[in-house]
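Chain lettering (A, B, C and D) follows the sequence in which the chains are written, and residue indices restart at 1 in each chain.
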Amino acid sequence: MSTSTTSPVTPSELSQLLEKYRGFVEDKLFPIDLDVVKGPFRSFLPQLHSLREQAKTMGLFAPHLSPEEGGLGLTLVQFARVSEILGQSPIGHFVFNCAAPDIGNMELLHMFGSASQKSTWLGPLQKGEIRSCFAMTEPQLPGSNPVHLATTAVREGNEYLINGHKWFTTAADGAQFTIVMAVTNPEASSPYQRASMLIVPLDNPGFKLIRNIPIMGEAGEDYLSHAEVKFENCRVPASNLIGEEGQGFALAQERLGPGRIHHCMRWIGIAERAFDMMCKRAMSRELDIGKPLAEKQTIQNWIAESRAEIKASRLMVLDTAEKMQELGAKAVREDISTIKFFVADVLMKVIDRAIQVHGALGITDDTLLSFWYRHERGARIYDGPDEVHKSSLAKSILKSYQKKANG
Amino acid sequence: MSTSTTSPVTPSELSQLLEKYRGFVEDKLFPIDLDVVKGPFRSFLPQLHSLREQAKTMGLFAPHLSPEEGGLGLTLVQFARVSEILGQSPIGHFVFNCAAPDIGNMELLHMFGSASQKSTWLGPLQKGEIRSCFAMTEPQLPGSNPVHLATTAVREGNEYLINGHKWFTTAADGAQFTIVMAVTNPEASSPYQRASMLIVPLDNPGFKLIRNIPIMGEAGEDYLSHAEVKFENCRVPASNLIGEEGQGFALAQERLGPGRIHHCMRWIGIAERAFDMMCKRAMSRELDIGKPLAEKQTIQNWIAESRAEIKASRLMVLDTAEKMQELGAKAVREDISTIKFFVADVLMKVIDRAIQVHGALGITDDTLLSFWYRHERGARIYDGPDEVHKSSLAKSILKSYQKKANG
Amino acid sequence: MSTSTTSPVTPSELSQLLEKYRGFVEDKLFPIDLDVVKGPFRSFLPQLHSLREQAKTMGLFAPHLSPEEGGLGLTLVQFARVSEILGQSPIGHFVFNCAAPDIGNMELLHMFGSASQKSTWLGPLQKGEIRSCFAMTEPQLPGSNPVHLATTAVREGNEYLINGHKWFTTAADGAQFTIVMAVTNPEASSPYQRASMLIVPLDNPGFKLIRNIPIMGEAGEDYLSHAEVKFENCRVPASNLIGEEGQGFALAQERLGPGRIHHCMRWIGIAERAFDMMCKRAMSRELDIGKPLAEKQTIQNWIAESRAEIKASRLMVLDTAEKMQELGAKAVREDISTIKFFVADVLMKVIDRAIQVHGALGITDDTLLSFWYRHERGARIYDGPDEVHKSSLAKSILKSYQKKANG
Amino acid sequence: MSTSTTSPVTPSELSQLLEKYRGFVEDKLFPIDLDVVKGPFRSFLPQLHSLREQAKTMGLFAPHLSPEEGGLGLTLVQFARVSEILGQSPIGHFVFNCAAPDIGNMELLHMFGSASQKSTWLGPLQKGEIRSCFAMTEPQLPGSNPVHLATTAVREGNEYLINGHKWFTTAADGAQFTIVMAVTNPEASSPYQRASMLIVPLDNPGFKLIRNIPIMGEAGEDYLSHAEVKFENCRVPASNLIGEEGQGFALAQERLGPGRIHHCMRWIGIAERAFDMMCKRAMSRELDIGKPLAEKQTIQNWIAESRAEIKASRLMVLDTAEKMQELGAKAVREDISTIKFFVADVLMKVIDRAIQVHGALGITDDTLLSFWYRHERGARIYDGPDEVHKSSLAKSILKSYQKKANG
């Protein structure tokens, strides 16, 4: 895992790398990604693993990891640039083994895992031999208020006894382990110090995958799914605790910081591909002979506004990544909230305009637009609904005015 | 079919009827409709047909038809009021046998069908014994410019030979016949007089249902599907022509007029149910104990704006229906364009807000919101994209300024 | 004052009346209104009073008053239709003596004034011999929370001693009296029963007009002004109290109900004229020879959206007026909030689009658009900011859900 | 004039400079700028000139000029940073002698002026001894299509004879000379090679300042005004031609490139100050005791959205300035269009929200918000309406798709 702010990759090397990633994505992923997302996903696994091997051979695999871990040692900002390119295909991050939730779990275990956790779980994860998931959100409690957790992990001797109900445990289907957020210290004075993170192997008899939740018309499977799961008297060794008891939220914050950069750059990649599809359609669809849709001013407006908004998104995310790299995640909390709601909104607007330009074709599954329209609608909800980020950004800004008034 | 502007139903009888429809929909349809749309649709057909029998028994079946035809003889405006209530459930119009495309075909055959067409097709359709579809849109040509049609019907002796490729032929799967729009008079001077409408039984060997198009993640089946179909040397008796040769567009216009009223009222029904779900969720979901989402001003804004926009929609559609009833479809072309883009936009905004209020639940298929978010996205596209209606409304308005300037 | 729900004016007479008002406004007011608003207003008073005489001669004066009071006896709904026409000119309501704040004061005194108040103040006001104003908003306290009032009226013997600071006392400059809202019963248990309304003649030595507030670049004068005023040991006879002590808010609510209908219809009138200017400009301004702005799809979109939004506004306001006429102001509180924020928003959007279509000309004072852009910006603020109305509408709706949950 | 891409000012020196500018603007301009814009402007000239002297003494005057010309030698990007700070006060750029239209004329004469033009006009302009203006827009022809010009300059011997009608000649009142755009070569094959730029001293008897156009309620005067002017048989020496005949548009493009950067950064400065006023008001205005407006989520939304949009604006403008500095104005035409419409829109949205947060106070002239609401409305119109920039951006983007399709 590369968390360094210096990189073995120079700017001009990065430019060459970006071209290679772009070539790989356009040549090898674009031709198949629509079929893959139509599924069934598992039937494509051999093909996807073969692409992973090609990525390794070309020295492009796991760009976020340090060279020692089999990666390229990119900084956060450099990886962000790669991430936008990978994001243009719904299978981009998966093929290069830097997809959520695995990448977040890799970052977490890299920073806070014990030596044994690293050798058992992190190593195979980094090599792409296994997959993982992250069980945090609970169906009965608002995810936007993370101190509300009903799942408990009670220390009994050398074990933790876990009980609870989670959902939106992304990609649990087919994963080897999950990291679960559970209350271990209900009596802690601060609600932010009550929960801990624990590793649970999914073959544990106390773990139940209830269903892949049907989301926007599809339950999906394997990597492309979101599970509802239960922990019922699920026992794990105490050594499966990550970090210290009560550190759950602190670790989650660490995990979310770069995670939002990753999401935002992936969204920008999607927006760029939708934009490209919109332009191609505008040029090729003729209303009358020689009269392409592109001549319509409304469509020109959408193209111009989309270009402006995508550009604004990219500059803001890269600016935030630079600051985070330099000053840490805490220093850029306002920026993180800003890009979360700004880019999610831009993403959905661009997808919506691209659909409208495609007309009836846009609502079929014959293009990727339908997939994104459905599967990225969650972008305005997960990792904190936009409304929560707006409020917290505003409150943070206004706090400085409070200080001025009081000072 | 009731096309009269007088109705056997008095205002106070209508109020009672509306209550009965509301009761039926809430008591008998709400409990099952989410399951029905999850499908498979065919497995629910026995249950749905039993509901139709109940509707008949209660004197509520086919409200749009004249009493002689087994209906209630409602006027367009009265039916619009019923239609809003039925629209609150995705199976409402189906159960009462007034769903598109059947209702449009009933209107068409009622007004322009020959005696033989009426007895063969219209009768069983009105009784709900068979289903029908309407093949107009073509994949290679913009539906927004209806004079572009590649499908041809060539008169050969006592037959028409039909060849062509259509899609978005709603509910073709399981239907007994389609009405197809095809060019019969390519040499006609006006492009609006080149096409005709013909009846094609779907067991005709020249008809091929290629696929139920996967739309927004679902191909669906039976009534809940949109087919891609081909006519390959498909021969039908000349007597299957509806009206005269070259009347295709004129008839389509007649069909679309009330059709848009029906759609808009159905959309308002959906919006009302989504609104209701949004309010209930806002009241029941607590962010903290005793702190429901409803206390958040952003959510209050969405509720207030949705209420205003739905009310505006209803008043405009009813106003248009009244004028259409009185003055005919041609006289309200501007109003029809207005409600088409205004209500479609309101519908999608209300659904989107309701989803956001539901958070993660909103993107699952555990509520109807996901179904509507996906299946009503087309509302801004079919029957003419909103952009086309805006331009044509504006041009019509500006034409009157031209006259003033010239006069 | 006509508060009856029956009118001496039949529907067909109303149609004729509306034509007469339209003719008067277009022929006599449109040619001069731009000059009048450029001012100085007082220099136009003789001309405006002459127009009032013509209105009287033609039987069009004071349409809101009963025939006995010199008016036409129109119902609220009928007057609303007239009001839209008058609103197309910034001097329309003034000429016909039905402009705010006079019309509100007439309604108030008609319903709650004593015989002596009626003969002294109401009579001359109805005849247009004097003008009045209404002093409610205070600079230091939020107008959106009307129970906050710092102005006091202390009963001393047969007099009230008034002290306080008000602003946005519209048209105080040149008025003969004001109605002032002041706290008379600070100890009342309900904050809604602490204030009263009193009549203060403006030649009272305790009344000071501090300034006509410069608003959006103009202080204005006379009817076209908004004053900052002070009451300094201002004594009035106890008989100047309107109604009972503590009834201030109850009366204000009565005054605001129809007041918002009046405002909304006036706004719709403005929107219609701005719309008309936009269309004319679009047809006459050529980007290239024979290529008018009207051919641009963006401008077509604005025209179509404006037409839809104005139509929605009108239907909602008339619907609200009908219900208010039938059921009273209290029964339509939700509707009143709805039209307040909906129509104010539409008004500003239509004006803004019309300006943009006019280009550089649109920001000059060479058209009325600049006047409305500036002087109607307050529409989203006065009579309760839009945000307050949205919240109160939503809370009222959600209350019914509370009841269901509890029931 | 500094057009170099290298600067004598290092990054750390720039930081210090920015602090100095910020201090100057906040300490010396904020206390008086509201009064100055209320005017009359001329009465403040002595005070403003004294501030200029202070700026010179502090080494802050004319930051855009090279050290030899009495400036600081800042690059375009460095000046952009300063410009944002100056923009926070409506008199900032004037005091530092870098306000439009003077700055554009300085750039033009610096690059294309003859030695004699430089000594006669540029020198005094750079020192702030005289003012200038720029006469391009014509009332009868759309400014958005600059090849339409009716003003002519006919060569007669050693003179040009100029005739024409212009408006929006900013700051003509009190200026010593104008640069006028006039057709000299009507027969040129390209419409872009027909016009030229000429210097006209304003004491020329053929020049007439018809009026300072009343704009949004104010005609203004001197620097704060926009004139309508006429050239009637106005003769100037042929040596007053700038550059070559027919170069008018080429020069105008050069002038507009950096000009849009300047405008955009000034707009961002305004938006920042309006944002600051909005936050302060939100914290200080209490709806109830201890319940500031800031607690309202709607206001939090506005603050968060404004912060995001301003940040996006700044990053895009600085990015464009960097590219322009490196690659020239032509290479960034798409970016220039992008920032023009994006930032103008953000500016007006932020001002509008700030007004709404101020309530009634926001529409008075007691804060700067009213000034900006009125005087910056033109931002969406001048230098090309937003709609034109959107279309031209889209067409430029789509052209690359054309090439792909053809290649």
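Methods note: a contact is a pair of C-beta atoms (placed from the backbone, for glycine too) under 8 Å apart; a residue touches a chain by one contact, two chains touch by 3 or more.
Which chain is which protein? Per UniProt: A, B, C, D = Acyl-CoA dehydrogenase.
Please read all numbers here as calculations on a predicted model, not as lab measurements.
Engineer: How many steps does it take, at the fewest, to get from chain B (Acyl-CoA dehydrogenase) to chain D (Acyl-CoA dehydrogenase) if each step moves to a chain that touches the one before?
Structural biologist: Counted as steps through touching chains, the separation is 1.
Engineer: Among the chains, which is located farthest from chain A (Acyl-CoA dehydrogenase) on the basis of C-alpha centroids?
Structural biologist: Taking each chain's C-alpha mean as its centre, the farthest from chain A (Acyl-CoA dehydrogenase) is C.
Engineer: Using the average of all C-alpha atoms in each chain as its centre, how far is it in Å between chain C (Acyl-CoA dehydrogenase) and chain D (Acyl-CoA dehydrogenase)?
Structural biologist: Distance between chain centres, rounded to whole Å: 39 Å.
Engineer: Roughly how far is chain A (Acyl-CoA dehydrogenase) from chain C (Acyl-CoA dehydrogenase), centre to centre by C-alpha average, rounded to an integer in Å?
Structural biologist: 53
Engineer: Taking each chain's centre as its mean C-alpha position, how far apart are chain B (Acyl-CoA dehydrogenase) and chain C (Acyl-CoA dehydrogenase) in Å?
Structural biologist: One centre to the other, that is 43 Å.
Engineer: Give the residues of chain C (Acyl-CoA dehydrogenase) touching no fewer than two other chains, as numbers and ranges.
Structural biologist: In chain C (Acyl-CoA dehydrogenase), the residues touching two or more other chains are 296-298, 301, 387.
Engineer: Can you list the residues on chain D (Acyl-CoA dehydrogenase) that touch chain A (Acyl-CoA dehydrogenase) in the complex?
Structural biologist: That would be residues 279-280, 282-284, 294, 297, 299-301, 303-305, 307-308, 311-313, 315-316, 319, 334, 337-338, 341-342, 387, 389-391, 393-395, 397-398, 401-402, 405 of chain D (Acyl-CoA dehydrogenase).
Engineer: What residues of chain C (Acyl-CoA dehydrogenase) sit close enough to touch chain D (Acyl-CoA dehydrogenase) in their complex?
Structural biologist: 38, 137, 139, 142-145, 148, 167-168, 213-218, 285-288, 296, 298, 355-356, 359-366, 370-371, 373-374, 377-378, 380-382, 385, 387
Engineer: What residues of chain B (Acyl-CoA dehydrogenase) sit close enough to touch chain D (Acyl-CoA dehydrogenase) in their complex?
Structural biologist: Chain B (Acyl-CoA dehydrogenase) reaches chain D (Acyl-CoA dehydrogenase) through residues 296-298, 301.
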